[in-house]
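The letters A, B, C, D and E name the chains in turn, as written, and every chain counts its residues from 1.
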Amino acid sequence: MMITVHHYLLLSIALFVIGAIGVVTRRNALIIFMSIELMLNAVNIAFLAFARWNLLIEGKMIVLFVLAVAAAEAAVGLGIVISIYRNRQTVYVDEMRLLKG
Amino acid sequence: MLDTLYQYISIQTLAWLIVALPLIGAALNALIAVGTAKREMGSYRSLVSFIGVVMPMLAFAAAAAIFVTMTSFESTDPSFITGPLFQWAVTKGLVIDIGLKMDQLSIVMALMVTGVGSLIHLYSVGYMGHDEGYARYFAELNLFLFFMLTLVLADNLVLMFVGWEGVGLCSYLLIGFWFEDIAKARAGTKAFIVNRIGDAFFLAGMFLIYAVMASANAPVNAGYFNFEMMSRYNAYFVPMAGIISLLLFGGAVGKSAQIPLYVWLPDAMAGPTPVSALIHAATMVTAGVYMVVRLNFIFALSPFALSVVASVGAATALYAATMGLTQTDIKKILAYSTISQLGYMFMAAGVGAFSAAIGHLITHAFFKALLFLCAGSVIHAMAGEQDIRKMGGLRYRMPVTCWTFVIAALAIAGIAPAAGFFSKDAILWQAFERGQYVLWTVGFIAAGMTAFYIFRAVGMVFFGESNVPPERYKKVHESPTSMAMPLIILAFLSLLGGLITVPHVLGGTDRLGTWLSKLIAYETSHAPGEESKATEIVVMVITLLWSIHFMVLGWVIYAQKREWPNAVAQKFGFVYTLVANKYYVDEIYDFLIVRPLNWISTKILWQTIDDTFVDGLAVHGTARTVGVWANIVSMAETGVLQQYLLYFLIGAVVVVGYLAL
Amino acid sequence: MDLIYSHLLSSIIFLPLAGMVIALLIPSRHEKAIRVVSMLVSVAVLVLVAKLWGMFVGTGEFEFSETIPWIPSVQIFYHVGVDGVALLLIALTAFLTPIAILASWNEITKSVKAFHVLILLLETGMLGVFASLDVFLFYVFWEVVLIPMYFLIGIWGSKDRIRAALKFFIFTMAGSVLMLAAILYASSVAGGSFDLVTWYGHKFGLMEQFFLFGAFAIAFAIKVPMVPFHTWLPDAHTEAPTAGSVILAGILLKMGTYGFYRFAMPLFPLAVVKFAPLMLTLAVIGIVYGGLVAMVQPDVKRLVAYSSISHLGFVMLGLFSLDPLAVQGAVLQMVNHGLSTGALFLMVGMLYSRRHTRMIADYGGVARTLPVLTAAFVLITFSSIGLPGLNNFVGEFLVLLGSFQTRTAYAAVSISGVVISAIYMLWMVQRVFFGEATKEENIKLPDLRVREYWVLAPIIIFIFVIGVWPKPWITMIEKSTDAFLTLSKRVEMIVPAPVPVTLNEVKIPQGGE
Amino acid sequence: MPQFAQMDWTNLFNMALPWLVVFAAAVISFLAAALVEEEDSLVIPIVALAGIAVAFAVTWQRWLSPSANPVIGMFIFDRLAFFVWLIVLAAAAIAVLLSIPYLKARSFAKPEYYGLILLSTLGMGCLVSAGDLLMIYLGIETMSLAVYVLAGFLRFRAASNEAALKYFLIGAFASAFLLMGIAFIFGSAGTTNLAVLGQRSSEILSGEGRSFFLFGMAMLLVGFGFKVAAVPFHAWAPDVYDGAPTPITVFMATAVKVAAFVAFLRVGTSALRFSGDLWITVLTVGAIVTMLVGNLAAIVQENIKRMLAYSSIAHAGYILVAFPALVNDPQGAGRAILFYLFSYVLMTAGAFAVVVAMGLGAEEHTAISRLAGLGKRRPFLAAALSLFLLSLLGIPPTIGFFGKYYLFLTAVKSGFIWLVVIAVINSAMSAYYYLRPIVVMYFRSGEEAWPTEPMNPAVVAVLAVTSISVAYFGIFPANLLAIVSRSF
Amino acid sequence: MMEAILFYILASVAVIAALLVITRANPISSALMLVVCFLASAGIFAMLGATFLAVLQVLLYAGAIMVLFVFVIMLIQTDPKDLKKRQMTFGKLLGAAAAVYLAIVLGIAVWRPPFIAAPQAGEAFLTPSTIGHQLLTTYVLPFEILSVLLLIAIIGAVVLAKKKI
C-alpha cells in the first residue's frame, strides 16, 4: 500500500471542499472564517505534497508565506468582526442586509 | 394692325403673355390680399377689380391676336411652338422643357378659356363686390386662369400636368372660398382628394409613356413627354396604348367628373357661383376631354380603351341626367347636367369623334357658363337662396336673367338653332354612324332627360306662380350691368356658337372639325354619301323632336302643373327616393371606402399594429423584458453574504468543471 | 481668411463649434447676446457654405477633400470632402439652423445659453456627418449629433418629453452600436483602414456583405425611419421644441438616408441586390402605412411626424430602385422634405405658441384670425402634397418616374401615396383652419409677426425656386448620383487587389452607364 | 527561478525607487500621525500626495528610460509595470484628494487612513510588476488587506462595517481558490515563475501534467474573476462599493481593479493563453455574463453608487471581451485592454468624484433622485457628471468611446465578431441607466437648494483633471495610444 | 506501510475534525475542532518532510491564531443560548451539493495514473537555516512585501478593533 502524491492531494481536496461547504452553509461569520482557514490549510497540504514529489523547496517556502499571510488576515478579519459586533451586536451574516439590490 | 403689334413683340412672346398675364394678376392680387388681411380693403377694391379683370382680357386679346394670325397663315399647318422658356429638368434620360405649343386645338381652347374667363371675371366684380375676401378671390381666380392656360397650351405632358394639378389647387381654394362654412371647406378637400385619385392614374400613365419613349430610343434631348415627340414615335405605343390610355383616362375621369369619380363635382357647388361657372362648368372639368383629344394619337391606337372611354362617357351622361331630374338645388341641377354633358364629350371621344367632343366642349362652355351665371344672378337676387322650390315667377323681376337662361336652356336641350343642337347632334350622329347604336340610344335618352330637367328648372324658377315670400319677392331685382353684360354676351354665344360646328349635311362646313382635322389621328371623316345624308337628317329630326317634346313636358309640368310631380314621386316612391338621394353613392363610398379606411387606419394600423405591436410589443416589450430581467438580476443581490458565496462557489464549480474535465 | 479658404470645408464644420465656445463664454444672463452670437455664427456658416457652393465643380468625385492623420496608429484619418449630394445636405443644414435659431427667438426662454450651445454643437455634428469620408470620423459625428438632440427634446420639450428623449436616444443608439460592430468588422477585413474611398475599392465577400449591410441598414433604417423602426419618431417630434422638430425632421432623418446613399449601398452592392426587395417593400409599406396612420392622428405634430415616414419612404424607394432618375429624385426629396416638413413644424410651432395645444380638435376656424399664417400653411401643405411647381413634386415625380422603370410594381403601389398625402394633409388643414371658430380661444389670435415672416420667407422662396426650376439642383447632384449608381450596381465586383492606402486624391470610379 | 544572489542591488534600488518612495511616504505619515495634534490637519494627506507625486515623477522617468534587463527576482520592471503603476498612482492620488473633504465632513480624519492607501498602492505596485505567482498572491493580499480595512474605516457606520465584512470574507474565500490554483500549477509545472510557465505551458499541456495544470488554471481564473468582479464572482462589488466610504469606493473601482486586471493580463499572456479554446470559451462566456448582469442590474438601481458599481462590473465585462483575443493577438489585445483601463479609471473616478462632491453635507446622499435640478443649481458639476456618464456609455468624442472602440476592434480582428455584437448591444442597453442621472439632473427640477456646501478645491481639482482628460484624450487619443503601444 | 497507516490515521482525524468544525453550533467547539484539525495537518506536514513548518503550524496556527479566535469568540458571545438555531435551506443544500460536486470533479481530475511514490533521494530538507538563507536571498522581495503586509495587518487591526483611537 503505497502512499502517493495523489493521496495527499485527495486529502487536501477533501479538506478544501469541507471548508468550502462550511463557508456556504454557516451563518456565523467566525465559523465562516474558520472554514476559510481550513481551506488555506488544505492548500498548504497540497503545496507540501507537490514540493515533496517534485523535490522543490519552493513549495515549502510558499507555505511559509501562506502561514504568515493567514495570520495577518486573521488579525484584520477578527478586527472587522469585532467592529461590526460593536455596531450591530451580531456576527450572523444573514442579519447584515443593509446593503442589497 | 397685327403687323404693327408684331413689330414690337414676337408671336412667341405673345403666346407667353397669354399665360403670364393672369399669373401677374394673381401675384399682384395675392400681395394685396396678404397686405390687407384682417383689414378693410377700402380703395384697394377697385385696384383689385382692375387687375383681376384686365389681365384675363389682355390674355384674351393676345390669344385672339394669335388666333387671327394663325388663321391667316398660308401654310397648311399654322401651329407653332414657343420653344423653351427654360429647361425645367435636364439629366441623363430626362429632359423637360417649359414651352408652349400653339396649335389649332390649343388656341381654340385658349380663346375659350380666356374669353369665358374674362366674362366671368367681369361678372365676379358685381357678384363678389362686397365680399371681404375680394382680393383673395381674384388672386385665386387669376391663378386658376394661369394654370388652366398652362394646361391647355403646354407643349409637353409634364407641363400639362403642372397645369392639371394647378387647376385642382385653385378649384380646392375656390370651392372652399368661404371656408368658415365647414361644409364648403369639406367640399374643397373632397374635390382635391377625388381628383388626386385620378391624378395618380395620370402619373402612372406618364411613367408608362416614359418607358415607351425610352424603349423607342427616342432622342432624349427633345423630351420624352413632348407631344410632338410622342406623336412622332406613335408607332412604339402600339403594345402599351391600351393600358396607357386607360391610365390617362383615369386622370380624366377624376378631373372631368365621370363615373365613378364624379362625386366631388356636385359638392363643388359650394364655391361662389362664378367659380362654378368658370371652373366647374366651362373650363377645368373639360380638361379631361381636352387631354384625351390632345393625346388622341395614343387613344386611337387602342379600340378597347376608346370603347371604355365611350362607355363610361355614355353611362355618365345618362346616369347624371337621371340625378339631374330630381335635384331641387339650382346649382346641383346644373352640376349634374355638367357631368352628363361631359359624358357626352367622352362618348364622342370614345367613338373617335374627337373634334365633335371639342365642339361640344366649346358650346357647352358657353351655355353652361351662362346657366351658372344666370343661376348666380338668381341666387344673388334671392340673397343666397338656391332651392328652386322656393322660387318661381321670377321672370317679371329679372327679365334679362330669365331670357338668357332660357336661351342657354334651349342650347343645352339641343333645340335648333342654339349651339347645343349642333354639337350634341354631331356626337349622336357620329355614334350612330359608326354603328354604336347602344351608345346612341343612351345618348338619345339622356338628351331627352336633359331637355326635361333643364326646362323643369326654367319652369320652376322663372315661370308659374312664385313661391317666394311676397316681401322678399318685392326685393328681387335684376343684377347690375357688370353682371348682366356677360350674360348677354354669353347668350349671344350660346345662340350662335353652334355655327362653328354646322355639319355639311345642313350646308355648313364644320369649321371646327376642319380646323382641327390636322391633329386628329383617327377621325373617320366619312365623306357623307347620299344614303347617310338622308339618315343623318332623319336622325337629327328625331332627336330634335324628342328633345322638344321633353322640353315642353318639363316646362308644362313645372311651370303649370306643379302637383303632378309629387304624384309621380309618390307612385314611384322607391325609385324617386333612390334618384333624389343620388343613388346613395356618397353614402356607399362613405360606407365602403372612407369609413373602412378610417377604421383600418385608426384601429388596425395605428392602435393595433403601431401602438400595440410595433411600439407596444416590440419596443416597449423589449424594454419591459429588459426591465424584468434587470429586476431579477437585481433581486439576486439579496444582501445575504451566503448567497454571494454560493454564487461564487457555483461559478467556481462551473469553471473548474469545464476546465478540469 | 486664406486659412479659411484653404480649409473651407473644415472651417464650415468647426465654425459652429467655435461659436459654441464663444456662447459658452458669455455669461448666461446676457440672453440677447447669446442669441445674436449664435445667429451670426450660423449665418456665417451659411455664407461659407454659399462660398463652397460657388467653388463646387460637380465632377462626381469628392471635392474640397482634406486629409489629416488623426489616430494614425489605427489608420484613422480626419478625412472630409463633399460630392454634390453631401454639399446639398450641408447646405440644407446650414440653411435650416439659422432658421431654427430665429424660430426659437421668443419661444425658448428657459436656459437660453444651453439651448444655443447645443444647437451649435448639433450643427457641427450634422455638418460633420455629411462631410466625413473616414468611417470612424463619420461614426463620431453620427453619435455627436445624438447628445444635443437628446437634450433639446429632454429639456425644452413638452409634457412627455423625458420618455420621448429616452426613446429617441435608445432607438438610435441601438442601431448605431450595431453599425459600430459592422464598421469594426469591415475595417478589419479591409486591411484595417477606415477610409471610405478605400472601402469602396475593397471587395467584401458575399456573406460579409449581407451581414455588414444588415447592420448598417438597421442603423440607418432607424434613423430614416423605416417601418417598423419608426415608433420613436412620432414621440420625438411631438415632444421636441419647434427648433428641435425642425432640425430633427429637416436634417437628422436625412442622416439615415444619406447613410444608405454613402455607405450601405455603394459598399455592399451584392447585398443591395439581395435585400432590395425587402427594403423596397418596407419603403412602400412606409409610404402607405405612414400616410394612413398620419391620417387619423389627433395631434398635428404627430400627423406631420407620420407624414415624414411616408415621405422618406419615397426617398428609400428612389434609392433602392437604382435608377438614375429615381436616385436623383430621392436626393432632391431629402432636401425638399427638409424644407417642407421643416416649415410645417415651424408653423405648427407658431400655432402652438399662440394656442398652447397641438390637438387638432382644439383648433378649427383659425383661418379667419390668422389669414396670413393660414395662407403660408396651405402653401406648405401643397408643397408637402407634391403640387407641381413646388419643390416636393420634383422629388416625388423623379422617384416615381425612375422607380417605375426598374421597379414597376413597387412604384405602382407607391403612387397611392400621392393620394394619401393629399388626404391627411388637407383633412388636417380643413379641421385646423377652416370652419367656424367655435372656440373662444381661437377667435383672438395675433397673426404672423415680423420675425415669423423672416423665418418662413426663406423656406418659401426655396420651395418655389426648387419647384419651378429644379434643373440646377439636378445638375449639381447628377455626377454624384451616377458615381453612386456605378458603385451600387457593381454586381460583378472589382477584382480583389491589395488596395493602396493613399488617401490623397483617391478617385472613385467615374459615373456613367 | 532567477537566483537572487546574482541580483544587482543597485539596479533593484534604481528600479524600485518609486515603490520605496511610496513606502517611505506611508511610514512618514504614520510617524506624523503621532506628532500632529488636530485630527483634520492637512499635513498627512499632503505627505501622502507628495509621496505619490514624487513616485509618479520617478515612475514616469523610469517609463521614459526603461532598463534593458527589467527582470529582477520576482519582479518585472518593464514599461507595462510603470505605465500601470502610473495609472494606479493617479487613482490613489484621486482617492486621497477626495478623502480630504469627505473625511472632514464626517469628522473622522484618522491619520492611519492615508498610510493605508499608500500601502495598498504599494501592494498594487508589487502586483503589476509581479513576475511570479507567489508575488501576485502577496501583492493581492497586501493590496486587499489594506482595502478591507479602509472599506470598514468608518467604524461607526453599519454599512461600512458590513461592506468590510462582506469584502473580507469573500476575499479570503477567493484567496483560498487562488492559492489552490497556484498550488496545482506549481505541482504540474514545478515553478511559479510566469516567464518559465510561459515557456513550458504548451509542453505541460500536452503532457501528463495537463489535468493538474488546467485545474490550477481554473482556480486561478476564479481568483482573478473575484478581483476584477466578473460574474458570478461579482456579488460583493455592489454592496462593498455602496457601503465603503466613497473615496475608497473610487479607489476600489479604479486602482484595485486596474491592478487586478493587469496581473490577470500578465498571467494570461504568459501562460494561460496556451490552453487556447478552453481559455477562449471560459472568458467569452464570462465576458457575456458579466456584461449582461452588470448592465441589467444597473438599470434598476436607485442609488448612484450602486449604479456605478454595477456599471463597473459591466465594464469589466467589456474588458474581458478582449481577453479571448489574447490567444491570437496578445499584443493588440493587451494594448486595447491597457487603453481601456486608462479610460475606465478616468471616467469612473470622475463620476465618483461627483458623488463625493454631492456627499459633503451632513449626510451622504446617493439616491439618483436627489440629483434633480442639479443642472440648474450646479451647472459645472452636472456637466461633468454628464460627460463621465456619456463617456462610460461610449459616446464619441469621449475617451470612453475610443477605448471601447479599440477594445472591440481588437476582438473583431481576432474573429470574435459575435462577442462584439453582444457587447455593443449591451452597450446600447447601458444607455438606459447612464441617461437616468442626466434626465434627473436636467429634465427634472428639484426644489431644494442642495447641495449647500461650496465646491471643495480638492474635488474641483479631481473633476477638472478627469473631465479634461476624458474630453481631450477622446478627441486626440493618438498620443496616449502611442504611450500605450510602447508599454505593451 | 507504516507511512500508510500514519497517513490514514492523520487524514481521518483531520477530515473528521474538519467536518466537526463546520457542523458545530457553538463557535467554541468549532474552534477547538479546528485546532485538532490543524494538529493532524501538522502531522501530515511532518510526513511530507516539512518538519519546521509542522512546528510552525502548531505554534502559530494551533497556538497563536486559534487563541485569538477563541478570545474573539469569548469577547462577543456571552451566552450559548443566544446561538441561532441552524436551519436547512435550499441555498445551503445547493452549496453543499456544488461543493461535493467540486470534490468529485477534482477527485476525478486528480486521481489519475501514474501513481508514483515520492522520490527518496535528493530531498531538500528544510531546516531553519535553509529557510533563513532562502528568505534573505531568493525570497527577499516577497519577504519584504510580507513585512508591509504585516504592517498593514497591525495598523488595520488597531484601527478597526480599538474602541477609541
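Note that in this section contacts are C-beta pairs under 8 Å (C-beta built on N, C-alpha and C of every residue); 3 or more make two chains touch, one makes a residue touch a chain.
All figures in this text were calculated on a predicted structure; none of them were measured in a lab.
Between the contact lists of chain A and chain E, the overlap consists of B, D. Between the contact lists of chain C and chain E, the overlap consists of B, D.
Comparing the centres of all chains, each the average of its CA atoms, the largest separation from chain D belongs to B.
Of all chains, the one whose Cα centroid sits at the greatest distance from that of chain E is B. For the pairs D-E and A-B, the larger set of C-beta contacts lies at D-E.
Remark: chain B and chain C have CA centroids separated by 38 Å (rounded to whole angstrom). Computed centre separation for the pair chain B/chain D is 78 angstrom, with centres defined by C-alpha atoms. Once the centre of each chain is set as its mean CA position, chain A and chain C turn out to be 64 Å apart.
The centroid of the Cα atoms in chain C and the matching centroid in chain D are 43 Å apart. Residue positions of chain E touching 2 or more other chains, listed in rising order: 91-92, 95, 98-99, 102, 106, 109-110, 112, 138-139, 142, 146, 149, 152-153, 156, 158-160. In chain C, the positions touching at least two other chains are 170. Shared contact sites, meaning residues of chain B that touch two or more other chains, fall at 634, 637, 639, 641-643, 645-646, 649-650, 652, 656, 660. The chain pairs satisfying the stated touch condition come to A-B, A-D, A-E, B-C, B-D, B-E, C-D, D-E. Of all residues in chain D, only 1, 134, 137-138, 141, 145, 148-149, 152, 155-159, 161-166, 168-169, 172-173, 175-176, 179-180, 182-184, 186-187, 190-192, 238-240, 242-243, 300-301, 303, 306 touch chain A in the complex they form. Remark: chain A residues 5, 9, 16, 19-20, 23, 29, 32-33, 36, 39-40, 42-43, 46-47, 49-50, 53-54, 56, 58-59, 62, 65-66, 69, 72-73, 76-77, 79-81, 83-84, 86-88, 93, 96, 98-101 touch chain D in the complex. Those residues of chain D whose C-beta lies close enough to touch chain C in the complex are 376, 390, 395-397, 401-402, 405-406, 408-409, 412-413, 417, 420-421, 424-425, 427-428, 431-432, 435, 438-439, 442-444, 476-478, 481-482, 485. Considering their complex, residues 20, 23-25, 27, 32, 93-94, 96-101 of chain A touch chain B.
Those residues of chain B whose C-beta lies close enough to touch chain E in the complex are 642-643, 645-646, 649-650, 652-653, 656-657, 660-661.
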